[in-house]
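Think of it as A, B, C and D in the order they're written, each chain with its own count starting at 1.
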Amino acid sequence: MRAIPGTPFDPVEDGDKLKEECGVFGVTGVSDAANFVALGLHALQHRGQEAGGIVTYDPEQGFNSARRFGYVRDNFTRADVMATLPGALGIGHVRYSTAGSKGATAIRDVQPFFGEFSMGGAAIAHNGNLTNAAALRKELIERGSIFQSSSDSECIIHLMARSIQKNIAERIKDALRRVEGAFSVVAMTRTKLIGVRDPHGVRPLVLGRIGDSGWALSSETCALDIIGAEFVREIEPGEMVVIEGNKVESTRPFNQAASRFCIFEQVYFSRPDSILQGRSVYETRRQIGVELAKEAPVEADLVCPVPDSGTPAAIGYSQQSGIPYAMGIIRNQYMGRTFIEPTDAIRNMGVRLKLNVNRALIRGKRVILVDDSVVRGTTSRKIKDMILDAGAAEVHFRIASPPTAWPCFYGVDTPERSKLLAATMTEDEMRDWIGVDSLKFISLDGLYRAAGEAAGRDPKSPKFCDACFSGEYPIAPSDKLAEGFEMKAAE
Amino acid sequence: MRAIPGTPFDPVEDGDKLKEECGVFGVTGVSDAANFVALGLHALQHRGQEAGGIVTYDPEQGFNSARRFGYVRDNFTRADVMATLPGALGIGHVRYSTAGSKGATAIRDVQPFFGEFSMGGAAIAHNGNLTNAAALRKELIERGSIFQSSSDSECIIHLMARSIQKNIAERIKDALRRVEGAFSVVAMTRTKLIGVRDPHGVRPLVLGRIGDSGWALSSETCALDIIGAEFVREIEPGEMVVIEGNKVESTRPFNQAASRFCIFEQVYFSRPDSILQGRSVYETRRQIGVELAKEAPVEADLVCPVPDSGTPAAIGYSQQSGIPYAMGIIRNQYMGRTFIEPTDAIRNMGVRLKLNVNRALIRGKRVILVDDSVVRGTTSRKIKDMILDAGAAEVHFRIASPPTAWPCFYGVDTPERSKLLAATMTEDEMRDWIGVDSLKFISLDGLYRAAGEAAGRDPKSPKFCDACFSGEYPIAPSDKLAEGFEMKAAE
Amino acid sequence: MRAIPGTPFDPVEDGDKLKEECGVFGVTGVSDAANFVALGLHALQHRGQEAGGIVTYDPEQGFNSARRFGYVRDNFTRADVMATLPGALGIGHVRYSTAGSKGATAIRDVQPFFGEFSMGGAAIAHNGNLTNAAALRKELIERGSIFQSSSDSECIIHLMARSIQKNIAERIKDALRRVEGAFSVVAMTRTKLIGVRDPHGVRPLVLGRIGDSGWALSSETCALDIIGAEFVREIEPGEMVVIEGNKVESTRPFNQAASRFCIFEQVYFSRPDSILQGRSVYETRRQIGVELAKEAPVEADLVCPVPDSGTPAAIGYSQQSGIPYAMGIIRNQYMGRTFIEPTDAIRNMGVRLKLNVNRALIRGKRVILVDDSVVRGTTSRKIKDMILDAGAAEVHFRIASPPTAWPCFYGVDTPERSKLLAATMTEDEMRDWIGVDSLKFISLDGLYRAAGEAAGRDPKSPKFCDACFSGEYPIAPSDKLAEGFEMKAAE
Amino acid sequence: MRAIPGTPFDPVEDGDKLKEECGVFGVTGVSDAANFVALGLHALQHRGQEAGGIVTYDPEQGFNSARRFGYVRDNFTRADVMATLPGALGIGHVRYSTAGSKGATAIRDVQPFFGEFSMGGAAIAHNGNLTNAAALRKELIERGSIFQSSSDSECIIHLMARSIQKNIAERIKDALRRVEGAFSVVAMTRTKLIGVRDPHGVRPLVLGRIGDSGWALSSETCALDIIGAEFVREIEPGEMVVIEGNKVESTRPFNQAASRFCIFEQVYFSRPDSILQGRSVYETRRQIGVELAKEAPVEADLVCPVPDSGTPAAIGYSQQSGIPYAMGIIRNQYMGRTFIEPTDAIRNMGVRLKLNVNRALIRGKRVILVDDSVVRGTTSRKIKDMILDAGAAEVHFRIASPPTAWPCFYGVDTPERSKLLAATMTEDEMRDWIGVDSLKFISLDGLYRAAGEAAGRDPKSPKFCDACFSGEYPIAPSDKLAEGFEMKAAE
């Protein structure tokens, strides 16, 4: 799963893309839940490619679980695996490893987590990150709990085991009132499918209807589409839904808080065909391109996306600027990042495995490249090299997000702050370091406008969590502060 | 590798795309030929996804070979495999299976083929199809040759074994003068890298320079890019090049014939970042969209490609028509066509595994869908269903090639004639069968114009092989005629 | 790992052999503990073939664990696996599945089990069976422990987590004082290797010396031989040893109890090259044959073992009786129990896959077959069929253990009582059911004599646990009694 | 499949055992030939462990073939593999690699070989070695044949392809009249099962009857037993049988020659439960032990076999000498020769993985060890070390064959002559080199007597091929003589 030395190019592996750490999915009221969950997880694969797991419950077979490394399509398509997952109720999870973790993820870190309680079993799948997990874990171990994983999410199941409530849904409430941070949780008992979103609603979670009798919970709407489910509504920040039979019961177990949905879901994480806040993610990204063209125009011959995530913004930039849109960089659809590098060294071999410049098109042209973000900047340099090798006359980078200057503690894997290009350089310094003719990022206000806030960002009460750009953290990262992380000084 | 029942959608598997059957690649004069060949084959993977093989020669280790099912990236990236392929000279091949063949391809059908002759060994890799292979095979078996494969290409190596020439290059000439059909061949001896194109030049073959001392032969220029080689020129129709050390010797072993390059390479087979006849394939395809917008305009709100092959023509159509280009259909980059279909049947599940409609964007819109071709039409119907399910107001199909009405016998896997939609229906009948508001194909003249023939197609002396559209076969398909295939009546 | 329908012969799989459920092994003070443990487990493979696991500790890498299904030789010989297990201290475990368990063993049932406590981690490997595990498990779950496995052994680690002792060795004592049943435990902390045997010493455990600085704990001495260790002594019933550096500290944490070592270890479980109570197991088994020849003589031409477990007793029987020893049944050393049975049914195909009669030798002969035990009797019938098919004149069975009439609850997998042939039939009825000319079992007194008790069995104070023969259980099987198991009525 | 450095002990891998290179098996007239062939090959696995293949013919599916590395039980038990092999007629082959070959066997070297001729296909499986294969191969290549393998057996199928006979059985005769050496061939056409033995009958081949309608051909009778077939008779030297339906037609295509069956089949290759020349192989080997005890008596306490091949002779030695037979060395039935050697080196680790001394039994005893042969002598030294380490008082080796002083060219893999201990040392020198108290080999006359020739060996007309002992080669090894091999000087 890892690049071998000599083929170093992979923006995601290199830490030059932020990585969503998880996707969650659950269904009830269908004849064979596991197949639905497999399809749902496949549609959410972009949220976590390293591993996935499914738990189902069947009255005769009890709870069953399968957790595997690798793509959903390679594991949860096998008849032998799926035959072990009977039942009408099931949940699943896809995950990335956490870059900071020591060593590789073990299979025991793969969710859903399962616990057998005196009133029956329960399984949970968690998207997000708990900011007080280290403190909780220490306390639980001292009281005799045995942890199986290095995952912060395991705290939830131990807190549930310790709860004195007689009912699993109540135990989930008990447990989640103890945790801090970002969480969209999908859980199941023998009869209930349960969904919860943290009070700020940092991570997404939506409800869907399957025919007349089934329900689905999903990180994104694109996973409802694949199973032919109808999108009903978003689970609201701070809301818990308990689904049993045809009944969906909604409660608010937490103290009220301001909604702070992750703005990077709009920029990069969510799939362009998902719907967020009533609008196509694709359309929001195209609008970012429109705003960017207004904020940062430049004379050029072609607007080219860095495939594939820069495409919608590049279309928007082209439409606003009138400069023709073109596929100047072609992505190899078979990918491949582990070839053995020939001893006759090939310049930029890593990037060539995934991308190729349309040389006959680019030669002599002034090219605007539109990318979604700049994290460490290493990818941008390699792409610039490739474009210049092909004979471009000028290269202008336009970035569909503001400079990424702060780490995320709410479920996104970010390099440490010192590795973030924007934490150490000005925009001009970055332009020179990357080596392009111009480099412009969209402003935070522009991004808010594109995301539907016509007035831009309200600094008193921003509508999104934008800590990675602004350094303003809506939830105090208590474990990290204990480790010595320094917040931005108040202005 | 195959779709299981219940997940039937795959335009390529379903025979609803024409399939290129092969890609060939060879290098000499580098320190580790196998790694270069692996990279080259990776770049040519779109020409054959079922299997691949590499042969190399090393003075100490002799000839070595590895042939595997599956993607290049999964086989020829493994250190244990590559360690068995030492040497500075090597060739490789990627292939599809032939749909018409009985049962699956066996590993013994995977090229390159190797033969040990009294003057030493030779290996060959063949892109194309021999139209007199059945007759040759019968004759060779009667004379005592033992065939190992069901491949028509194996005839070449047996004809070489039977040749009385003392020199392998001469034996190749002997053999290729006996065969009929389309062939771009890359071959190797212990010291020579050899490339040959049939007299009509139906399949592509190009020459590249690696640094100061190496050479490459490749089906397409995109594979030169990946290894950092410089594109020198196309091998000409009827030309044979023998490369030894720094010397490239060119001869013309065959009778002169008119050049008839496959026009479907321009439309679909070749990668958009390859260069054909001095121009970017992407640019030719964009130009097809421009011509199509002129020939078949329609009022609409959005121009959307059927991903990914319809994209360049859709861009051209949008630019010519002024109707905005949009990503109305999103392709799942993790693919997956073998999920187990839930018993609660999901409408159009197969297509949902690969494509999803951008519902929030499409709803209520008049949509132009641009696709590269219509073969059996089954895919077009499923995509139309999906678009209408999402609430589109109108659906208009525009096709970047003329109606495909005749099978190819020169190395492309085509359904039998009766399965080709255009062989049995008029354009209007096809529109009704697919169920769209309008359906238009580019004209053959329009296609020639987009491909650089400003005057359109010269019916006396067409510049391309366009038999799949016109039914005019430049080389008589003698085996097929013997089996009873009926050519188009002379007009 | 399982016989498929149609190839039903496997005495072990069929429940026609008693199965030892586990072997344990540990080392400290060597440079690479994992390789030593792998060798030790390989030598103990006969005690558990389904799965195995190793845990090691290294000051830099912490605790590491690998648990796998299948043979030690197939898993713990792989460089990639062993590289994950650094350190000078390690323990391991091999196991069978428990026949009575619902479904197959999951990997999470494979030992050693590991727990992270506030004072550091610990791992344990357990051979034996806890007779009050169900009650303990219920209590622990009610108090908030989350069980990962269906194994009774997991109770030990949760009891340790709940202990208020500050030191892991003390926590082990706390935990083991709560459990009932049979246990030979090997455990480890970051610095200590620990061995414990239950008060009755039902299962074996021995101490070995590796060179000048290392120590080993093993179920049997044969595993000391493979690593070149010197056999020091048996751990005594009720003893706990804590090894740190060169110091071996011995304590007696439990109340005193009578030694009741499992007599079936002498008959069948232990390897013939192991040493028990100062004597070669082989020699004890040969002596059983001598006793059997005295107790149950018969006129015959040949004494043949049922390979391989009947061999030592057959040698003894031949030596005592003077009837020539011969290999009348040959075992296929490549084994194989999963062949597809041809539709032209082959009589006794299952048994033919493993055994073949030496037809030219057996024809017309009166044959004594010596086997170690009769459990369900199905194997004996099949072997008798084979011998008669080959033309034997007479078949006499001599069995190297008394009739097996009671289940074991101390770590041996036994069919339920109603399936034990000797629970429902007299010796004569068994003879007729199997269909042989005579059938004789050694007496319990004879077995004790062969095992070194010259006076035979003392009914007041038997030296061994012989519950499977006598129905006298030295430790009350409390979980089973709660389930309704009926003990033998007092006489 | 290979020992890794550091675990060097494997008498077979080390070239310290002679290796039979092949076993062949065929059936006709059963409903599912492949399953019968799989069982037959499993019973012949001792004749070739590296790879195996099966070809079957079905009127609807034609010829099908599967060839695999590894044990029969691991490949030809898989439903997916066997489903590809339909039909009532089939043949199979198991093989060792040839030690002398450059590099590992490729899958294309695995038999049966198949050829498509103008009158239909045929497959052949060959046990033995052709002594003029190199010359034939050169000639065939010059005439245009393309060889796929490095196997000498492939010549046969090319000679068949070149034959002008109209009938495949006649083509086999044509081909086999051109070859020299040892061959037991099983072949098949679409309707016929064919068996042939070379004029000297060096390798075995037997005929069996399956029920009323089926027939089998097999290298040994033990493979008839496993499928429940009745042993009919041996195919005679120089005989060809053609089986079609219920008819077995016998012809003699070759010039008459003296029968020279391989005497090493009696000593080691054949399974002890097979019947050769009307007698159990086990009984012949036991008789070798009897002769050896007469020829080479010694005072001792125990007679122990070197397991497993020395067992029958050890039993005979014990019975003749009156010295008790004992299992002094125990073989690990799970084998394993690829463990990673701990850095704290373990003395004789390789041998410990397979064998363990019964220490408590051996200590202080005078031990006679009976082994089947001494080839390079390395194994004997290691076993002697182990026995002395365990405290034996004296070690006496008795060998059940004469000194192996000459290589075999008829299908047995032998080290080159200079590596054979007996080619360079006298018996006394060997004793000292191995380091034992005494070492005695059976005489050639004694061996003949044990094999049923009461008068011993007739030097004028020996009944067996004993070239490995005597240096008298019944068939001139022409390829080897051309390479410079020096025959024994005439005396």
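As a working rule, contacts are C-beta pairs under 8 Å (C-beta built on N, C-alpha and C of every residue); 3 or more make two chains touch, one makes a residue touch a chain.
Model, not experiment: these values are computed from the prediction.
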Maximum centroid distance from chain C, chain identifier (CA atoms): B
Interchain centroid distance [CA atoms averaged], chain C/chain D, Å: 37
Centre-to-centre distance between chain D and chain A (centres being mean Cα positions), rounded to whole Å: 62
Gap in Å, rounded to a whole number, between the CA centres of chain D and chain B: 50
Interchain contacts, given as pairs of chains that touch: A-B, A-C, B-D, C-D
Complex contact set, residues of chain A against chain C: 115-118, 138, 141-148, 157-158, 161-162
Complex interface listing, chain B residues touching chain A: 30-32, 35-36, 38-39, 42-43, 45-46, 49, 71-73, 76-77, 79, 82, 210-211, 214, 222, 225-228, 271-273, 275, 278-280, 282-283, 286, 308, 311-312, 315, 319, 324-327, 330, 332-336, 338-344, 346-347, 349, 352-353, 356-361
